[in-house]
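To keep things simple, chains are lettered A, B, C and D as they appear, and every chain counts its residues starting from 1.
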Amino acid sequence: MRELTYLDALNEALREEMERDENVFLIGEDIGSFGGVFGVEKGLWEKFGEKRVRQTPISEDAIVGTAVGAAMTGLRPVAEIMYIDFITCCMDQVVNQAAKLRYMSGGNLKMPLVIRAQGGSGTAEAAQHSQSLEAWFVHTPGLKVVMPATVYDAKGLLKTAIRDDNPVIFLEHRLLYNMKDNVPEGEWTVPFGKAEVKQEGKDITIVATSLMIHKALEAAKELAGNISIEVIDPKTLVPLDIDTILESVKKTSRLLVVHEAPTIAGVGAEIVRQVVEKAFDYLDGAPRVLGGKSIPMPFAPTLEKACTPQKEDIIKFVKEMV
Amino acid sequence: MRELTYLDALNEALREEMERDENVFLIGEDIGSFGGVFGVEKGLWEKFGEKRVRQTPISEDAIVGTAVGAAMTGLRPVAEIMYIDFITCCMDQVVNQAAKLRYMSGGNLKMPLVIRAQGGSGTAEAAQHSQSLEAWFVHTPGLKVVMPATVYDAKGLLKTAIRDDNPVIFLEHRLLYNMKDNVPEGEWTVPFGKAEVKQEGKDITIVATSLMIHKALEAAKELAGNISIEVIDPKTLVPLDIDTILESVKKTSRLLVVHEAPTIAGVGAEIVRQVVEKAFDYLDGAPRVLGGKSIPMPFAPTLEKACTPQKEDIIKFVKEMV
Amino acid sequence: MNRKKSIELLDLMYRIRFFEERTMKLFREGLIVGALHHYIGEEAIAVGACATAEEDDYVVSTHRGHGHCIAKGADLKRMMAELMGRETGYSKARGGSMHIFSIEEGLLGGNGIVGGGLPIALGSALSGQYRDSGQVTLCFFAEGAAARGTFHESLNLASLWKLPVVYICENNLWAATTYINYSLPIENIGDRASAYGIPGKVIDGNDVEKVYDTVDEAVKRARAGKGPTLIECKSFRHHPHCMVIPDTRPQDEVMEWKKKDPIPRFEKRLLGKKVITKTEMEKIRGKVNNMLDEAEEFGRKSSVPGVETVAEGLWA
Amino acid sequence: MNRKKSIELLDLMYRIRFFEERTMKLFREGLIVGALHHYIGEEAIAVGACATAEEDDYVVSTHRGHGHCIAKGADLKRMMAELMGRETGYSKARGGSMHIFSIEEGLLGGNGIVGGGLPIALGSALSGQYRDSGQVTLCFFAEGAAARGTFHESLNLASLWKLPVVYICENNLWAATTYINYSLPIENIGDRASAYGIPGKVIDGNDVEKVYDTVDEAVKRARAGKGPTLIECKSFRHHPHCMVIPDTRPQDEVMEWKKKDPIPRFEKRLLGKKVITKTEMEKIRGKVNNMLDEAEEFGRKSSVPGVETVAEGLWA
């Protein structure tokens, strides 16, 4: 075991996959000698050279388009969109091309493509740099959607994503980049579609994504002794391991979903939909979603905080629900 | 009363609003002398001239950007995106600009902007011309989202949209364009945030949007005598008239939401979320969503049909639920 | 151009023309549905351009893509079956007219999104460059697409990276019902090449040999690692935008362009140069017609895909 | 340029420079948070350009927008309060550094999306044209944005519609950590004007008078209904991309450009022409410093917005 940051873990995953398979290459802005604005690609340009670490102009459509065309023709691109907010500049390539071409070709082609981006709020960068857009991609047939919450998962899921023959939207959270954890040496992968019970409990199930896993765990810790909370990280939203969630809800009879994206029409609503459909009779009370407010993320840190679920909000919800 | 098509109704709304307010102008592709590829703008170029009916190149970012900049500075643009699928080519302008600028400006500016588009499937145009993307916009703070299902509402809601000082995503369904109905002479508007009970019933509530209202009404007709179905058209998804839905569910104890967009992370899930949160104790069974399959829309008409809710599917669901 | 090549090109032009005419007939009969954009009048571009390509070169096509597929060597049967919504079609009836893919034959698909193919062509070009395989990408798009941002991002990046791609702009003057003076503030799209520091050509797109020669030079340049070229081919479509939109173009404009029809023009040249005789020409036409009878028959006899297969082909 | 105007420009350049220096200090003190992009080194562009504008002309700005706001006449107090996240800020602390709007003063906001402002400028320009009000839009963007598709769509449409907009490209050679040779395959962005059939200029962006004269001509042209101009101003930012990214540029490049600092250069010219004395200059600097003390004080004393107000300003 050794200590790694989430950032290191991503970096290691990229390095190992590039070593393993020479068809893997990186494309994105500022990923060359600087190693990415957050440092995810640190050292890779030096190691693999310009052929495989391709720094682009500010041309998101071209970045994802290049990745799509390359993936169709035998390469395995990992594209970086610097902030998930900027994926709005290339949604056609993501949604109409990457997601659909394999099916539209009758399975004639493969699309082994990863689009990495980081998102979320918490750095006072305001509405155009603070979004969590996973619900859009979950709603779009043909995309897999991944949200690693831990150092271990960051590495293991990214490796799985790169080896997948389908387009994967890989969503990091920039507040997690410096999070450290002890993880094994050597290589590991984390499977898609397998949720993890982060903490067992019996009074209520909390399903949380990305950064919110950590807030949920803090809340669970604070309530420990009074309320026993089961915390589940789905890790991948497509495919979604609904079975693990259902199993938990059948035990606890209560469900709270926590995510940073706005509550309205977010992924939480989808999880609630599936749970009520499949475990209605097990529920002792209404499942709820604690998500962000439906407000463009304000700049001022106090307002920003007020728009995003905090540990205190989770505790409040749990107390109301149990 | 006189007979109008949905298309005529839209056309009339545009004409009347342009007559009423000279700041209203239209912008989009093929909307000049041809009057729009579906004919919504028929005759308007002749009547109002090139200044107010602005035919553009194929430049969706420029179309919506022009509308955003014009709306900020005193005009009232109505932009047409020919197929909602093409809004992927200008999501930044829609989501990061139109939706957010007013809030980001601290309320310093107004954004009286309508983006019209038509969507849905049923014409064998395949995956890039058959989407229903309303969930994305409902999930995006700052946008109003409107889906007229009738001739009357098409006109009345479009007029309301044009008079609204906020950005409105106005989603038509091309299979409705030729639908005829008897509607009054003269002008009317239809308010946002006011659902309509299209048919009263007591056994189950169906909330359906756009074209699906008509399928739901057909299903209700077919089941009449056996199962009494209440059919509700929310008309606007933002703002959503959840009260009317709740009232109905409290009466029927059962909820089915029907929409054409994929079930997964669709608007149906959101309606279910709100209903279980606010009326859990009134429910006699799990609320469900009948939406499209999570598959890029196939070209072949049989497959296309299999991906989209049909009257028979609604009947099947209702029978399972009641 | 030698005799064999010339005849091959003529043959391919017939195939496209007759294929399109056949699809019109089948559309009217209700056997083809959906969006159908015909290439009639523009055959010289696809045929001249694709004739310069090797089998493993890539073609990125458009909504008006039948011509590109046929010129690149696609099987008429499987194309027709696709348009007719049969499971034997290239895309198993998932794609239809605008989405005929055949990765093995280098066909990277049409595209329902105008300008949507331009960024994809960057990727296939990069792929060839990456493997050092010499593969070139021919990227077709039309003058309407030249107004999209993707045109700019693509040509800029292709030039920066010296990607082996040839941009072939099919300027048929109209984008749906929009005349070019509503979309282009300058004379020639080809002149935009200078904004990217690449060669730009503006040529008669109804002259198949001219297209061949110009694209050939660009392909050689691309293969030699010297980067992209932008080639604007002036042409015209004889029919309305698609089957469900009436013609809005001045009839005399249409008539003028029909006089410049690339097929009779090429026939005349070949007859004049005695490369071919009228009888030989008739024979080729007959053969192509037979091929289309077979293609139609193949489509008619093929099954529509079963509803139970609907999810097949989604995930790899 | 007359004496009064010259001094006004110098004054504005000081304001920008000192404002930026002050925000750096406040950032280090933790009183300003978030993304902070400084304009130091590029003052001549905003000041020269905005000096040609009328009060009711529009300015579309960028992520590096403080200079544009100040040059257009924004109040330093309300700007500083915005950056400090106070409710007295231009955008009531909803926007922050990248989103300072003041519709009354013609400030249509910065933009967190590179290239996101270009299409918006079409709209404000159209607005002026529509009302026949003579209002012109100055659209700022930098060389990084010139690679985005929005650049192309915007210049194309502006030219087609002869919109009253002046495109001012602030080429500071670097986009975050990306040098221009990674984004531009030609020498000058200004040369791309020909692709749109509009005038293009490439000028020294550190020469405030040159900027003034060039933009002035373009503004007059726009006001006369003759359409857009593209002006590339070569310049350099003295500091790293933003407060949280270290400098990656060769230090000798930075040193070379600091020698071309537009402020001492303009001071020297004014002193040489005896338009101003050193004492007068000192006085202006003192005044500007006082203004910034006041602005800082105003920010410090203003309240942060109450959490209960968070939804205010969303819906009209």
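Keep in mind that, in the parts below, a contact is a pair of C-beta atoms (placed from the backbone, for glycine too) under 8 Å apart; a residue touches a chain by one contact, two chains touch by 3 or more.
All values derive from a computational prediction rather than experimental measurement.
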| item | value |
| --- | --- |
| Touching chain A and also chain C, the following chains | B, D |
| Chain B-chain C separation of Cα centroids, rounded to whole Å | 36 |
| Chain centre separation (chain C, chain D; CA means) in Å | 45 |
| Distance between chain centroids, defined by C-alpha means - chain A, chain B (Å) | 30 |
| Shared-contact residues (touching 2 or more other chains) in chain D | 91, 93-95, 99, 111-113, 116, 147-150, 153, 156-157, 160, 182-184, 314 |
| For chain A, residues contacting two or more additional chains | 56-57, 59, 61, 85-86, 88-89, 92, 96, 103-104, 126-128, 141-142, 293, 295-296, 298-299 |
| Arrangement of touching chains [line / ring / star / complete / other] | complete |
| Touching residues (chain side chain A, partner chain C) in the complex | 25, 51, 54, 56-57, 59, 61-62, 64-75, 77, 92-93, 96-97, 101-112, 141-142, 164-166 |
| Chain D residues within the chain A interface of the complex | 33-35, 85-86, 91, 93-96, 98-99, 111-116, 144-145, 147-149, 175-178, 182-184, 245, 248, 304-305, 307, 310-311, 314 |
| For the chain A and chain B complex, residues of the former touching the latter | 85-89, 91-92, 94-96, 99-100, 103-104, 126-128, 135-136, 138-139, 141-142, 238, 261-270, 272-273, 276-278, 280, 283, 285-289, 293-296, 298-299 |
| For the chain D and chain B complex, residues of the former touching the latter | 58, 60, 89-95, 99, 101-103, 108-109, 111-113, 116, 118-128, 130-131, 137, 149-150, 153-154, 156-157, 160-161, 312-316 |
| Chain C residues within the chain D interface of the complex | 147-153, 156-157, 159-160, 182-186, 191-192, 194-198 |
